[in-house]
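Okay, got some structures for you below.
Shared between the two complexes below is chain A, which has chain B as its partner in the first and chain C in the second.
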Partner chain A sequence: MKKVLAVTLFFLTFPFLAKAQETNKFGAGEIHGNFQMMAQNYLVDSTIGAKEVSEKIRMNSFANLNYTNGNFKAGMRYESYEKALLGFDPRYNGSDITYRYATYTNDDLEFTIGNFYEQFGSGLIFRSYEERGLGIDNAMDGIRVKYKPTAGVYLKSIIGKQRFYFAKGEGIVRGLDAEFNLNEILSGFLPEFNSEKAHYTYILGGSMVGKYQADNDPIRILPENVAAFAGRFNFISDKFNFYTEYAYKINDPSLTNGFIYKKGEALFVSANYSVKGFSLSASAKRVDNMDFRSDRNADVNNLTMSFLPAISKQHTYALPAFYPYATQPLGEIGEQFELSYNFKKGSKLGGKYGTLVTINFSNANNLDTTQTGNEQGYTAAFFRKGETLLYRDLNIEVVKKISPKLKTTYTYMYQVFNKDRVQNVSGYGTVFANIAVFEMQYKINSKNTFRAELQSMRTKQDFGDWAVALAEYTVSPHWFFAALDQYNYGNAIAEKRAHYYSGSFGYTKNATRFIVGYGKQREGYLCVGGVCRLIPASYGLSLSISSTF
Partner chain B sequence: MKNSSLFIFGIFVAFTFAACDEITGPYTEEVNVTEGGRKILLEDFTGHECGNCPYGGLEAIKLDSIYKGRVIVVATHCSFFADTNKNGKFSYNFKTPVGDELDQYFSIETAGLPKGMVNRQAKDGDYGIFSNRLLNYTEWGSSIAMELNKTAAVNLSLTKNYDTLNRNLNLDVEIEYLAKGNINQQLVVYLVEDSIINWQKWYGHIPEDVSNFAHRHVLRKSLNGTWGDRLSGSVKSAGQIISKSFITSISPKYNQKHCYVVAFVQNNLTKEVLQVEEIKLME
Partner chain C sequence: MKAKKITLLFLFICIVFSVNAQNKIPAVNVKTIDGATFNTANMVNDGKPIIIDFWATWCKPCVQELSAITDLYEDWQKVTGVKIYAVSIDDARNSARVKPFVNTRGWEYEILLDPNADLKRAMNVGDIPHTFLINGKGEIVFQHAGYAPGDENELYEKLLGCINPDVK
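Up next is the complex of A and B:
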């Protein structure tokens, strides 16, 4: 209650403060924000496993308010889950102000008090972020200072606790990140490093993050202070970009690693080359015992500090995204390659309008480990892959414009998905799937567009074969209508060969959008950046409203 | 300016480096068990198809042994992990109506297994969210240590008369108040069977599906419903004694030599457990 009053007072006072200062330094300032609401009515459907929900209707909603006045910024977010949509942790049930902050920038110094999101490098040892669709919000609550002591040197330091639903995690997180842009630093001495002249940019960075959590365990002797370190290098030129980061963590026994005292480490390397009509990228990752959280007893997606970037393609079509790969923070080694080539207009393969071909391959294995039989847990060879394949994805996408009005996309994908290991389940084994997708988009006139998708997945494992058909009609700029059917025609159990049909329409006016949907949602995993959430099967009416101002 | 920046940077670095505790062994310590009349109810929520649950069970056994009888364990099989197959592996039904009701009430399935409750205490004292008291097994030890430091508000003593031939049990429970008690307190009595040999999934174990797993402390039924009986409709004063009696029969499906009764007093509003006691059917 005190919190609500304080924030309310804060926002009520601001316009007056701003007014009082109008003639002085500050001016009136601006308020911006957004609102989002997702409600769902739940019906029972035993064929798809949609269970009865006592409340019948559940809702997640959010509103952000941000005030800016010169160098000063302040804001807050109100969240309401009455009750949280199925699949979200019930600890979200309730309503409260979950995020509030004030930031002031003074010359080269910026400080934030309250909540903030932050990331050091690619996030291997620290990333505080929000991913609403996954129910992840590990926002920091504390203090952040950013300082630029001299040209090309950027320092960030943080201290605070992470959000844990409507409370805060037990551990105290503190960290420091330093980034050195060598071009900016050296341009004062060597003119060839000046950004206008230099063809290359070199950036070096390093970060240190520590957490403190009291050892209340009566049996184990646990490290109360655990630190992790990371170093990174980025080379950027007009056509080529190379990034690498290595992270190291001292002993961090936790629930997720089975309370072993082994050190953790992660290596991430990425390179890409692109010129007009052609691009090639490659990335590799090795992760060993790098699940780093501010609470050693946390699990699932709670209180994570490390973020281990996914190096598999994030598919948007329904069936290619059916078996999404979740990063394995306890151990994995993988790589990804992508080649993209645009056959020019007028060439044999390019035809009249050109043809874009993209080939992508990604692979992830476990580590080659040897159990030690003591508190260290295991040892792992650094460059050798383990024998267990976790994920493999080879996909080819061809985008072909047939006429000024008709555009088509053809996708083929072969996927190997070790369901037991990736989803931490048992008895499902590995899924081998062949997937084909055809998409066409026909622009009837400047306002009306028709889009359709046909998808097929053939597999002998898990739920068997699926087919998907989607039709979408858009009347710009206000309306869209869509109908979708996902049919599990190959399920080994005849009663489970269900149609998951749904229909939706939406209306957009300026910055406000309404979407109404009705139908069945299959159970499955939703993944963003290698982090996943299980969505249970559901059936019913849904309403979504979003607006910004 | 540059010197002062380096100085500030150096301070940050020094602070972060200083914050490292490297443990090189030993990794465990001797537990100092304090004297006291309070016993602790540790509820281990488990399921035979939950591959991580044996780790929770092992933790419960370890804590039971360290605290030398001051921790009383009840393993409740619940959620889809405890569902049964029609035949073959995992066809044995460990589920109970009590377990299902606890699962529903505390949202155990949603929280995932293995989970446990120590005296049904909420970690942060917020009883509005029931899943707040569902602890990962790595938290049970610290929670038990804290609970053991609390003073007992109630003493429980159990006496039994068990007819091994007809498998009839007469149980008397005496509740002695050591401090004032409120009107919401209830007595709950569960029947538990230890060491049932059957299938269990166990990740990290070879083989993963274990045919002869000893299922410890399995909740079989309640003698008076999931939430028990109200002790009395009025405030209890220190020194007051309340007696309750129960008669029940023990199913021939249960190994009576491995059965015991667990009785506990809980605040039925918050579900916090004040005291717990156990008695074996056969010595």
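Up next is the complex of A and C:
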């Protein structure tokens, strides 16, 4: 009660104070926000496994409001899940204000009270973020200060607790991050380091994150404070970019690692070379016992502090994304290469309008480990791969414009997916799949466009063969109509050879969109960045509305 | 407790709706493709219009939109002096891919990186692509969510409208 009153008072007075001081400079403030809702009606379909939902209709929605006045910002988000759509954790059921903050900035100093999102480096030891579509939100609730003491030096410090559905996690998270842009620092004394003159940039960074959680375990003696450290280096020139980050975590027995006391570490290296029309890139990653959460008893996507995305290519077509890889935070070693070349207009392979070819390869194995039989759990060789292949993906994409109206894309992909290990299930083994996708887009006139996709996946494992057909018609700038059929024609069980058809249309005006859909959704993983969520099979009518104002 | 929070929400709405709504780009730190920290308050174009386009390497309609505009960009610049900031929201998985991706396609936009969606959030963007048009005074005059081929024509009309308010 007192807390709410204090917050209200703060929200009430601060803008006016800020305004009183800055009236001449800023005048009145601005209010903006967005709104989004997604409702779905659920029907039963035994062939695809769509079960009865007693509420018949469920809805997720939220609205953000942000107020800005000069150097002052404040905002909040209201979320409502009555009840949460299938596939979202039932702990989301309910409605409440889940996010509220106030921020004040002057040239070199910024402080935030309340909720905030933050990332240190590439996020190996700390990333607080949201993926609303996946139901992921580990927002911090506490205090953040950012300070730039001198040119090229950026400091951040954070303290608080992470969001856990409509509550907060138990652990207290504290962190510090420093980044040094050497060119910005040195160009004050040595003009040749000015990045425009030097044509290259050096950036160094380091961070330190700790969590505190009381040890209430009756048997084990658990570390109440767990610290993690990370260092990073980035070299950038016109054509070349090199980035590396290493992270280290002290012993952190947790539910996900089986309460072992081994230290954790992660290494990420990426390099690329690119000029106009050509690029070559490579990256590698090694992760060893690096699942870092602010509560040692948390699991699935809850209360994560470390962000360890897969380095494999993120596919967007339905069938190439059928078996999405997600990093194994307890241990993996992987690499990725990509070559991209744009055959010029008028060349032999480029034709009249040019041809873009991209070849991508990625691979992930487990670590080469030896069980120690004690509380350390295991030891792992640093540079040697384990024998178990987790994921492999070789894909080629060719984008070819045939005429000003007709554009085509051809994709071929070979994928190996260790379903048991990646999705933590048993009895499925490893899936070997050959996938081909053809896409064409035909622009009828300046407003009307027809687009179609044909996809095929051949595999002897899991659900067997699939075919997908999609047709889409758009009328710029307002309308779209789409029809989709996903056909599991190769399923080993004859009665499961189902068609998952759906249709949808949408209307867009400026920043407001309405989409209505009807049909069958197959069970599958929806992934964004490094994390995935299992969506159960469903059948019915859906409506989504989103607007930015 | 819940009732108090609702009261708080209404109070907040009352305060903020009592002010005039203008439309300025919020000041947020993002990164340039050369690793430098860039404050979006410095998005200026000598009194000429600016387009901000939120995209990601994995977003097909975003890439379609930016590819369609790339063929027209030179003409748009000649006529209106517009500058396009293409803000990538690729996270750590893909942010190293952005520069090679842009170079291979020969895009001439100002590329910014927003890996933790700070600018996206500050501009209240939901799904991408999402495009903003800012006039010479720094005011947001038009925004559009999603992309269908041909949407670039509507954007260009709005762009012409904002350099010459008589043209509709």
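Operating definition for what follows: the second predicted complex is superposed on the first by the 523 of 549 C-alpha atoms of A that agree within 3 Å, B and C clash if a C-alpha of one lies under 4 Å from a C-alpha of the other, contacts with A are read in each partner's own complex, and residues count from 1 in each chain.
The criterion applied here is as follows: a contact is a pair of C-beta atoms (placed from the backbone, for glycine too) under 8 Å apart; a residue touches a chain by one contact, two chains touch by 3 or more.
Because the structure is predicted, anything quoted here is derived from the model rather than measured.
Based on the superposed arrangement, let me know which partner A:369 touches: chain B (first), chain C (second), both, or neither?
neither
Please work out whether A:80 is in contact with chain B alone, chain C alone, both, or neither, and reply first, second, both or neither.
neither
Scan A:155 for contacts with chain B and chain C and give back first, second, both or neither.
After superposing on A, A:155 lies in contact with chain B but is clear of chain C.
Using the superposition on chain A described above, determine whether A:96 touches chain B (first), chain C (second), both, or neither.
Second partner only.
Of chain B and chain C, which one contacts the greater number of residues in chain A?
Tallying touched residues of chain A, the top partner is C.
Is A:388 touching the first partner chain B, the second partner chain C, both, or neither of them?
Neither partner.
Pick one for A:504: touches chain B only (first), chain C only (second), both, or neither.
Once the two structures are laid over each other on A, A:504 reaches no partner at all.
Just which bits of chain A does chain B share with chain C as contact spots?
Overlap of chain B and chain C footprints on chain A: empty.
Where on chain A is chain C touching in the complex?
Going by the criterion above, the answer is residues 1, 4, 7-8, 11-12, 15, 27-34, 36, 64-69, 73-74, 76, 78, 96-97, 100, 105, 117-119, 122-123, 127, 129-130, 154, 181, 184, 195, 201, 203, 234, 236, 241, 243, 270, 272-281, 283, 307, 309-311, 314, 316, 338, 340-342, 356, 358, 441, 443, 446-449, 474-477, 479-480, 506, 508, 510-513, 529-530, 546, 548-549.
Once bound in the complex, which stretches of chain C touch chain A?
Going by the criterion above, the answer is residues 1-2, 4-5, 7-9, 11-13, 15-17, 19-24, 26-27, 34-37, 57-60, 91-97, 99-101, 103-106, 115-118, 121-127, 130, 142-146, 148-151, 153-154.
For chain A, which residues are in contact with chain B within the complex?
Touching chain B from chain A are residues 89-91, 93-94, 147, 149-150, 153, 155, 157, 167, 174-176, 178, 208-210, 212, 216-227, 250-251, 254-255, 258-259, 261, 296-300, 375, 424, 426.
What part of chain B is in contact with chain A in the complex they form?
1-2, 4-6, 8-9, 12-13, 15-17, 19-23, 25-29, 31, 49, 51, 55, 62, 66, 107, 110-112, 124, 126, 128-132, 135-139, 141-142, 144-146, 201, 203-204, 208
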